[in-house]
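One structure is given below, represented as structure tokens, and several questions about it will come after.
Order of writing sets the chain letters: A, B, C, D, E and F. Residues in each chain are counted from 1.
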Amino acid sequence: MLSPDIAATLCAVSTGTITTILLKKGLRRTWMQGPKPIKDGYPRLVGPAFTMRFVPAREDLATPESWASPRSTRAAIEDMPEGAFAVADAMGVTGAGIFGDILCARMVKRGVVGLVTDGVVRDVAGVLATGLPVWCAGAAAPPSVAGLTFVGWQEPIGCGGVAVFPDDMIVADTDGAVVIPRALAEEVAALGPEQERLEAWIVSEVEKGERLPGLYPPNDAAKARYEASKTRG
Amino acid sequence: MLSPDIAATLCAVSTGTITTILLKKGLRRTWMQGPKPIKDGYPRLVGPAFTMRFVPAREDLATPESWASPRSTRAAIEDMPEGAFAVADAMGVTGAGIFGDILCARMVKRGVVGLVTDGVVRDVAGVLATGLPVWCAGAAAPPSVAGLTFVGWQEPIGCGGVAVFPDDMIVADTDGAVVIPRALAEEVAALGPEQERLEAWIVSEVEKGERLPGLYPPNDAAKARYEASKTRG
Amino acid sequence: MLSPDIAATLCAVSTGTITTILLKKGLRRTWMQGPKPIKDGYPRLVGPAFTMRFVPAREDLATPESWASPRSTRAAIEDMPEGAFAVADAMGVTGAGIFGDILCARMVKRGVVGLVTDGVVRDVAGVLATGLPVWCAGAAAPPSVAGLTFVGWQEPIGCGGVAVFPDDMIVADTDGAVVIPRALAEEVAALGPEQERLEAWIVSEVEKGERLPGLYPPNDAAKARYEASKTRG
Amino acid sequence: MLSPDIAATLCAVSTGTITTILLKKGLRRTWMQGPKPIKDGYPRLVGPAFTMRFVPAREDLATPESWASPRSTRAAIEDMPEGAFAVADAMGVTGAGIFGDILCARMVKRGVVGLVTDGVVRDVAGVLATGLPVWCAGAAAPPSVAGLTFVGWQEPIGCGGVAVFPDDMIVADTDGAVVIPRALAEEVAALGPEQERLEAWIVSEVEKGERLPGLYPPNDAAKARYEASKTRG
Amino acid sequence: MLSPDIAATLCAVSTGTITTILLKKGLRRTWMQGPKPIKDGYPRLVGPAFTMRFVPAREDLATPESWASPRSTRAAIEDMPEGAFAVADAMGVTGAGIFGDILCARMVKRGVVGLVTDGVVRDVAGVLATGLPVWCAGAAAPPSVAGLTFVGWQEPIGCGGVAVFPDDMIVADTDGAVVIPRALAEEVAALGPEQERLEAWIVSEVEKGERLPGLYPPNDAAKARYEASKTRG
Amino acid sequence: MLSPDIAATLCAVSTGTITTILLKKGLRRTWMQGPKPIKDGYPRLVGPAFTMRFVPAREDLATPESWASPRSTRAAIEDMPEGAFAVADAMGVTGAGIFGDILCARMVKRGVVGLVTDGVVRDVAGVLATGLPVWCAGAAAPPSVAGLTFVGWQEPIGCGGVAVFPDDMIVADTDGAVVIPRALAEEVAALGPEQERLEAWIVSEVEKGERLPGLYPPNDAAKARYEASKTRG
């Protein structure tokens, strides 16, 4: 389990910066294609992944009995620890909503940080009313069983073209959601804030009228000016 | 023709609930993939489908003469009855707007409830100014003849992967638009309000801290508590 | 170079009207599929295209050294003339942001009118803060090198299914962005305002309750009434 | 109805040449995307279009009763005249086969020239055994009702992104299937053979080692040599 | 485990007939979209599903070490029982081959019936040389780790839009591959042969010149003639 | 320019092996998605890339005059050196054939090795008759100007999701076409044959009944046996 300090530090590092750091370490597939915030204004959120997995619907499986099965989304939710970031592999299906207001309301009660999926939610008005922060691919009216069968939780999954393992670190903001492999979370937390500070300084230089070549990426002269600015600042 | 009572009842039933009821009756393809409200805040709207159909554009057909043809979108609009819900099969084409401000303004004058299409509109600012509620797949500047040829109205169509027949009932809200086959509208109107009431009770239970298993779907004990709540309420 | 008058005139002609005029001249592929305004409320903007071109990423090319190369996005931006409309061919890639806040801030400093791309931007909050008007296909956290390699500027490109040559005229508004071939810009500017006036008159007629047949497109009687209205107006 | 002579002439003109002739007349959308020959070695085939139309499946319509309905594929087939080219708008659905061996066998009995669809067939081994020439998008095991509802015949349709009207002329060969609007069939038949002759001469010139510039397209000198070759030939 | 008799019976029932039988029982999603035979002439093959599952590649997982991991495709293959039909969920990825000649050669040695995947194979010439019957979506040169991470076997999977559970029955022929839920295999085996016999009789009737209405589906008179033919036959 | 020896060596290394070698060096995007051999039985072919680039068609550019322009496909072909492998970026457009029999016949005369494109050819029967080996995404009847505008040659391009620079090495076989960055060609040629030898030995071991774990990838014991086999061989 990551220390709360690391999670707090990552809250100050944008998903953009995280993808840049991971790219420099050779990881290119860390941003999930599909999930977007369903409303404006969410703060950046961080938490360890609690994974859920769906396969396509089959009419013999999608019965009312299935909803009361021990292998159900309900059971998965009751297993979520406080502070977890729920991540659901919906195979990119956008014609059936994986969760509606009832399940989201229960996730809020359990202290879940948010929900990320490459699928969609249903009853979007009700979901917004629960206050659960959601990154998804839109909304659809039909229930999950119209297109999907739930098969398990805390397994490796794919979500939006990215592999997610239980307890990988999820960070989500306006630009979407990224996965930091568990083993790299500490290192990303160590490198992120300095990268943010450097980029903020570059923006301020651009606003003063500086030209880009030599500034971004910074050459030796620019690096020296940046270091000097830190001393002054 | 459906009675006004049925339409009024359906206005209180979400598209999510309608798809659940239809799924239990074996109908899985009732929600149209593509159409979304072009602005926030529309009330839920209901009306019998008035269908329109396009095929791909062909340069020998897309002439100024065609716009004055008796088989034109103009003629179709003049044939729309008050209270109808216009549904246009645009084959999912998103590079040519089927209607702009002039045609939408005329639809408002004729008392049309709204417009649903798996295509897009053009001059979206002008369309919004007419006040016509529109569920569509976005906006495009080019006129319909840039990609589409209008061929008729009040025929069976496909829209967003769903079959729509004239006078099927259309219900549209924040989650999109669904089709209720005409023969099932009365039954859906009969079942919908009770389903909504049950789900509202479940949400209130979740807010009190109840766990999901046994509650959603409700087991016999939960059903008894729900029935008791109705007596009290 | 187009005269400032032409650009000013085009600012009063909607992208919808421009596509109609170009369609009548036989040009059907002038509206870019993909670029949409990233926020509401931009005024219509006009400027000559400054083109940029990407090809897919290759790991041996996407190195930190590449960012300081003379063939970089930085060098391209420093070459943009005031009043240019930047247009970037990102091959429709939506998993890597071509520009973030730093590059957009510099484009504002250089007096660029706006940015159009069939790709996406990154750090969308930062980009919005720069004030640069952007038409794109959304946002992604990863840097451009995660999916794209920059190869040059002021070359012919494709963007959103449309050919764009340097100095073609770009017009962008709520319905998206269109390209007017340089050789046709003067003619479109000459025809556009009258077409806008006619359509406004037709809308006003519809609001008075006129039926569409004979009005849109106008028959001889309607044309006469329109001409009379101009005299009065 | 076209004269048999025109059909015979068109049999000697490739679909490639036909699209070039139609393009020169301003028609760019005449080749259907999707239909390919299901086996090698079909001769080029020509016939007037007999159109059929499907919309998406709906479970209340896809019943055994529907197969015996007067509005069924069976009834459509019994209405096909000898020499017709069947063209089915399957909305590009590739997960349900529109026809199998029984329906294709009956089409052969009725003297149908062939079948073109942007959908797929089922029981492809059985279909091949009937000998009916088929251009389609592949094979699928499920019956049409798994994905499609048949709604009518001899209506305007879209097929593979192209508008097809009853009695438009269909020509199909190794490169796929094209539509010649009925009103243009005579003109295409008049121009096609000469274009084929010219291109054959150009190929023979290339084989002699001629360079392309000035030859293809031919400049005045090349045209003169070509005319001379015809006199000799 | 199914009796060998049932497997033998299913070998005589086409995938088309199986989908029809399952559709009549309410199951519409049983045919996998994507897998096609990689060469002509395979006999129809039947066996219980042995499932394998991939998620997207992540550069920190796709290392040479991973190939020797206990959770690898190698280990899965060594676990396959004789007579199993391997089914791999490759999430429809077609840019990385899941297996090449070495793994396929080993599957043949282990007595595997065949391989079905919605992904692709690599080294298709080598794979063909092993003689393993393969239904897949084509070929690609890159190894699986270029796009995929293997995560487990004998779990529920999705393949080509269909849910597959371990020991569901797989049947594959020229039209592709279908899944029969384990609980329904006996019933399908019981109904299939009669359906095949009826359809063969209908084809023979069509070849005699019978019209379709009343014959397909058969009305009472046709049914009686069919029953009489069986007595004679 | 690469030495003929390197090209000859690469002819004995499969595209699969090349992608594995490049992956180990960190290059994952080297195989072009889309191009497939248009007929069976081509030998593996190798040559330096001669690149060509198209952008979308625009009706004011697609005129007969354009075909005689100095910036035409004709001029590009006359510029191709003997032994070059032509690679055309058609932006994945599959509705317009970039080359037909005449241009392919001329490429054969010029000693071009083959053609790779993510687009399609037209007049596929004529193209096959020229004998030019072609890897493409299929066939279409319409001419290139129906969908594409040719803009230049020997520029960096994207083809099938891969960056290709002039003189990168192209290798194409049954599994498709790969790009070896020019700077890496010598190294790949050095490593490839040994990798092929090792894999052939592993296949022979599997055929003897060896199990996969420890063999593929080989552990130390297996490596020793392999080395011994080479001494014997």
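We adopt the following convention: a contact is a pair of C-beta atoms (placed from the backbone, for glycine too) under 8 Å apart; a residue touches a chain by one contact, two chains touch by 3 or more.
Bear in mind that the values here come from a model prediction, so they are computed numbers and not experimental data.
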Hop count on the shortest chain-contact route linking chain C and chain D comes to 2
Min route length, chain touch network, chain A to chain D, equals 2
Of all other chains, the one whose Cα centre sits farthest from chain C:
E
Report, in whole Å, the distance between the mean C-alpha point of chain B and the mean C-alpha point of chain F.
49
Between chain F and chain C, distance of the C-alpha-averaged centres to the nearest whole Å
36
Whole-angstrom distance, CA centroid of chain A to CA centroid of chain B, is 32
Multi-partner residues of chain C (each touching 2 or more other chains):
26, 28, 30, 161
Those chain pairs that satisfy the touch definition:
A-B, A-C, A-E, B-C, B-D, C-F, D-E, D-F, E-F
Complex contacts: residues of chain C adjacent to chain A:
64, 67-68, 74-75, 77-78, 94-95, 97, 100-103, 105-106, 109, 122-126, 138-143, 145-146
Within their complex, chain C touches chain B through residues 14-16, 18-20, 23-24, 28, 30-31, 33, 36, 161, 173-176, 178, 199, 202-203, 206-207, 209, 211-213, 216-217, 219
Residue numbers of chain A touching chain E in their complex, please.
26-30, 55-61, 91, 149, 151-152, 155-158, 161-164, 181, 183-184
